[in-house]
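Note that chain A is present in both complexes that follow, paired respectively with chain B and with chain C.
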Partner chain A sequence: MGTTSVDAAESGLAVATAADRPRRRERARRRAAAPRGDGRIALLFLAPALLGFAVFYVYPAIRGAYYSTTDYNLLSPPRGVGMANYTALVHDALFWNALKVTGYYVVLNIVSQTVLALVLAALMFRLTRSVVVRAMLLVPWLVPNVTVGLLFLWLFDADLGLVNHLISAAGLSTHGWFSSTTWAMPTIALTNTWAYTGYTALLLYAGMLQIPGQVYEAAMLDGASELRMFFRLTLPLMRPVLALVLVVSVIGSFQMFDTVAITPTHGGPVNATRVIYYYIYELAFTHFRMGYASAAAMSLVLILGALTLLQMRLLRASRSDLA
Partner chain B sequence: MRTRARWTAALIAAVLPLATTACSSGGSGSSNGPVTLTYALWDNNQQPAYQACADAFTAAHPDIHVKITQSAWNQYWQNLTTQMTSGNAPDVFTDHVAYYPQFVKNNQILDITSRVAADKVDLNQYQGGLADLWVKDGKRYGLPKDWDTVAIAYNTGMLKSAHVDPAGLANLTWNPTDGGTFEQLIAKLTVDQKGHNGLDPSFDKNHVKIHGIELIYDDGATGQSTWGNFAVANGFTFLDKNPFGTKYHYSDPALAQTVDWFASLAKKGYAAPYDKASTLGPDAVLNAGRAAMTMTGSWNINTYLGSSATQKFAFAPLPAGPRGRKTFINGLSDAIYTGTKHPDQAWQWVKFLASTSCQDIVASKGVVFPAIKTSSQKALATHQAAGRNVKVFVDEATTPGETFSYPITDHADQITQEVQTDLEGVWLGKSTAADALAKAQKAVDGFMSQP
Partner chain C sequence: MARTTTARRWSIGRVLAWAFLGVALVVTIFPFYWMLRTALTPAHELATDNTGLWPAHPTLINFRRVTGATTVAQNQAAGGSGAQLNFLLYLRNSIIYSTLIAAAQTLFCAMAGYAFARLAFRGRDALFGVFVMALMVPPIFTLLPNFALVKSLGWLGSFAGMVAPSMLMTPFAVFFLRQFFLNIPREVEEAATIDGAGRWIQFWRVIIPMSRGPLFTIGLITTVWAWKDYLWPLLVGPNPGTRVLTVGLGIFLQQSPNTAPDWTGLMAGSVLTVIPVGLLMVFFGRRLVESMNFTGIK
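And now, the complex of A and B:
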């Protein structure tokens, strides 16, 4: 899971290319030309997007912030309770558990997904640029998440699943993949890694395409091995794209919901998969505690904001070594 | 991509209530001219039966049409609640005891006490206890539409190959110490990979081919299909008073003994342990021939006796515990939304749904047992005529002292999550029943002390 929207890919590329020296000059020129009146036209073109942003992002966010200070239960009018929801949240063991469990999922998912995607992207970049292969990579991503979840639920069923059948046929001991506290989260993470690796690989591949071919020719003349080129050239030169993909997929990973929602344990066993998004959803739409759910959601916004800032800083995402 | 889609969905969900609360103007409209009522239910198997009722109703009241909407159980309550928030909920909707206290508390269901009295609805025509479930503080919020009880479903072929006489299943006994003849039966039906059954000294509990029983471990805060029935047969009561008690009794040792017995089945190899049990539902396991028996509610009759079953199944009553045989009896009702523009017409429809005119139609479709006693007998006859033997459910419902009501209180949703999570610890062997239930008791007391 955890991936990006198409425009994130574009903006990733934009970061890589905007840093090109000619582009930078062009951008400077454009900035100087702004007073000529492009701004108003730009605004006109931006208006539809801005309207959507205001109606679907800004306004609900403000309402959410307001609800987080009320006892709103969807059915009766909200009453202000000050910071009581936040105080309760600090003492809510399930909230902290949800954050912990989500963190575990993010680590499992992002590490496996990014490593696999990098390998696939590098293979595509250096070995084959076949369109068919690229298209194939996207197939798992095209399957709706709920379908993927249901498929894995059947495959990994503890009693009737194919995976356990094969394992026991090989004489090994089987597991309750979705129903043991140890395996439930890794299984869910694996499910989503399967679904999103191809897509992530494609984004990284697009980032690799930005790297000029001469660099590799020069390296080959110097007798560098493929492995060395990957670690010394490909990886550093695609850093801004990698950073963007990471940021967006970490955020997406934090928001994992559907796979947990369709597993019959619904966040179990013993809260082992009750991730933060599912917990917020339960608070709002199962327990109808909209006010409290909003407080949890606002806390998540803060956490994700801080995390994103940290990642951008650490990876120096706004600067490219290609410049 | 998920990111964007999910944010948008979440935000739309967040925005909806605000955007639409403005239009929630209720009030009674004029009663002249044709009116279309909306009626919500969640079970698609029942939709044809209620469509037939709606047709009959419109034939009798040409000015009132009924439009049925159906959404699956998992979405039903979310849909209903958001519709209420926006003031656009269905005029009449199918209601469940676990959810109605919340709606009453938030003033979303119409009090029909005076209408029931004025129209002289006979409350004694319903299966015992059902009508009283829908009364809070002396006010009535619904009329019963159907009921359900719990029984054992078993694979007839497996009983035969174990040389068990099905007639004997009517007299099974159970106790939490050695499990009684019920545990003997479970053991006898369990078969390991070498063909030894669970009573054989050479039985290998680590390589079981067919489990004697398939348990539903995640069974909420009541264990409606499983432990709840046995705990009550062992002297447990859920509440100090039902409906609308204030104190749950989860820390009662009678319950802990029962839960321990259920957990012991997996340790003995007679049932799949929690972390190796299928999550696809007991019917999938039984159909795959991996278990011989399970316990199930009468709402699943057609799952086991219908055309989709790949094995031959039959039903037997639950075993008798130290306090005799006990089964949940629970039922649904039809409730009128307070925001309806047509309360008078909605009442006409609810009254019709709760009368023999509709319940006999439902009976003739053989899907659920209608709440009215005479209609229930007709449903039984429909099933018998179709070759489905479901008499055990009716016998349990009609034998005095064999049924008890579903516990009804506020905070059911929180209690369900808490108790289920605590019990998962027991099924996984991480906690004893006594410890887990003490924890549940503490948490549930906390919920109940909230407004």
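And now, the complex of A and C:
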């Protein structure tokens, strides 16, 4: 039975790629046939974007790399210190703590958000095409993270919050969620899981829609159960989309800032929520250590780059079971 | 036959699946209801009236005091700190900030995306490669020098400084719009070429009008992103004249006593950040939802 459905998947896919191929060739032909020498008019089209790119992306990237080798407080000109910032970073317990805390957050957030989103996407995929359902799930994503953070600070408020009311009504012990070293980070992770699960579910759902319907018809004729179809068909066939969504959400999660910034403990209690983005922000704009902050930001660039490559490799994101 | 279909439709698994989806929808929407319910509760009664589904004495005073519609004395009497807040002004600033960015960015990135998709010029692919690489760089890395730059230009505290870095382009929008233009059939332009129209005219007379829908969608999504911005507007424009809603909320919370935050006022302010995007959802919900199918991933 398993084999039949996979066969069906492969043939469905073969149809899709066969149809794709001439189109791709066509496109290549057209590109080659494009008249050479649109140079001058291209400059006109590109001028604003090039200006923006040069001034706000390339130039600051170079400045950032340079700052990371200086001592700079924004008031007096930067003073070169060589690699001193990087050596200091290696011995900075707070920097390592920030990375550890960020990693903890990413794991909590990504696991809960992805699992929930996958379940929701699969349910929608098999139950309903309703736009209203999807629109409702998307609402938390439309709202600023600051608003979401504030709302959860209130819901999880130690004294008057609804969550503690419900918990004590159920006879369980309550917590000061955001003010507890143990619970602060899980609560922040939960906050952002709430904000991003619907959005992630919609992306995954879109990936599922690309799976040819015949695959399921064949499997149903074989009497496959929904659960079996999910694990044997849906999951493997949408792996490239899942991988891409994972890579992008891990990178986004690594850069969580707003929720911590709005929480009155500001990275506390006792550094429990001082994530790397917030730490860099504090270095630059509370302590005015622009050079040192740039070195930390540079490290983050390298970490995220390495993480992306690693993930792509592990998830074999570029290869699909469909093709 | 009919019976088996009904059986299939109402199998236990199906009921459970719908139940799970239903719970997910309630968990998604209920916190917004709670935000509104809190905003409608008189501040003095919140300590005793904070569990029912509807406040005992609903009031609009919290909205009035956070929009600066009350005097200092009235504000304090209603549970505020007396500090004058003007969330209507912040709302205006948020609207200016996000529409300026969305409109300009969509236009300029459409031009660039078109050039990358359809024009032949030396170094095109290499340049596009560099744009795509910039997608990988975490914003905080360029944010620090950009802040120094905007400061040295004397643009701190102005809309110019707030919108400058994202107004001209973002690598993502260029990337997305290039993909879109690649899929427009070339015949359309070829017909216009025969008419003797140059690339520039073709772009404005043919390409832009026929791409209105997708351009509007990307503009909508850009508006939402800009609406959510916090860090950059916090650094560049925290003063009341340019203070956006997110920054206003952050400052409001900081001014509020740590031991007993002004929750009713804070939730009233929060409602104001939700209403505009809620309206976008009501009017353009289908567009936004369906855009998830093709923007793929930010």
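The rule is short, and it goes like this: the second predicted complex is superposed on the first by the 268 of 323 C-alpha atoms of A that agree within 3 Å, B and C clash if a C-alpha of one lies under 4 Å from a C-alpha of the other, contacts with A are read in each partner's own complex, and residues count from 1 in each chain.
Everything that follows uses one rule, which is that contacts are C-beta pairs under 8 Å (C-beta built on N, C-alpha and C of every residue); 3 or more make two chains touch, one makes a residue touch a chain.
Quantities reported herein were computed from a predicted structural model and do not represent experimental measurements.
Novice: After the superposition on A, what does A:Gly198 contact: first (chain B), second (chain C), both or neither?
Specialist: second
Novice: Look at the residues of chain A and decide whether chain B or chain C touches more of them.
Specialist: If we count touched residues of chain A for both partners, the winner is C.
Novice: Now for A:Asn73: first (chain B), second (chain C), both, or neither, which partner does it touch?
Specialist: A:Asn73: touches chain B, not chain C.
Novice: Just checking: does A:Leu123 make contact with chain B only, chain C only, both, or neither of them? Give me first, second, both or neither.
Specialist: Touch partner of A:Leu123: chain C, not chain B.
Novice: Once the structures are superposed on A, label A:Gly64 by its partner contacts, choosing first (chain B), second (chain C), both or neither.
Specialist: Both partners, chain B and chain C.
Novice: Report for A:Pro264: first if it touches chain B alone, second if chain C alone, otherwise both or neither.
Specialist: In the superposed model, A:Pro264 contacts both chain B and chain C.
Novice: In the overlaid three-chain picture, which partner chain does A:Val248 touch, first (chain B) or second (chain C), both, or neither?
Specialist: In the superposition, A:Val248 contacts both chain B and chain C.
Novice: Answer with first, second, both or neither: which of chain B and chain C does A:Asp92 touch in the superposed model?
Specialist: Neither partner.
Novice: So, does A:Phe178 touch the first partner chain B, the second partner chain C, both, or neither?
Specialist: A:Phe178 sits against chain B, while chain C stays out of touch.
Novice: What is the contact status of A:Trp154 with respect to chain B (first) and chain C (second): first, second, both, or neither?
Specialist: Both partners.
Novice: For chain A, which residues lie in the overlap of the chain B contacts and the chain C contacts?
Specialist: 55-57, 59-61, 63-64, 74, 145, 153-154, 157, 160, 199, 248, 251, 255, 257, 264, 277, 284-285, 290
Novice: Quick one: which bits of chain C touch chain A in the complex? Just the residue numbers, please.
Specialist: Going through chain C, the ones touching chain A are 13-14, 17-18, 20-21, 24-25, 27-29, 31-32, 34-35, 38, 46-47, 50-51, 108-109, 111-112, 114-115, 118-122, 124, 131, 134, 136-149, 151, 164-169, 171, 174, 182, 186, 198-200, 203, 224, 227-231, 234-235, 245-246, 249-250, 253-254, 258, 261, 263, 266-267, 270, 273-274, 277-278, 280-281, 285-286, 288-290, 292-294, 296-298.
Novice: In the complex of these two chains, what residues of chain B are touching chain A?
Specialist: Going by the criterion above, the answer is residues 1-4, 6-8, 11-15, 17-18, 77-78, 81-82, 84-85, 102-103, 106-108, 218, 272-281, 284-285, 288, 290, 413-414, 417, 420-421, 424-425, 427-428, 430.
Novice: Tell me, which parts of chain A touch chain B in their complex?
Specialist: 1-6, 55-57, 59-61, 63-64, 73-76, 141, 145, 153-154, 157-161, 174-176, 178-181, 183, 199, 248, 251-252, 255, 257, 263-266, 268-271, 277, 282, 284-288, 290
Novice: What part of chain A is in contact with chain C in the complex they form?
Specialist: Interface residues on the chain A side: 27, 30, 34-39, 41-46, 48-53, 55-57, 59-61, 63-64, 67, 74, 116, 119-120, 123-124, 126-128, 131-140, 142-147, 150-155, 157, 160, 162, 165, 194, 198-199, 202-203, 205-206, 209, 226, 244-245, 248, 251, 254-255, 257-258, 261-262, 264, 277, 280-281, 284-285, 290, 293-294, 297-298, 300-301, 304-305, 308.
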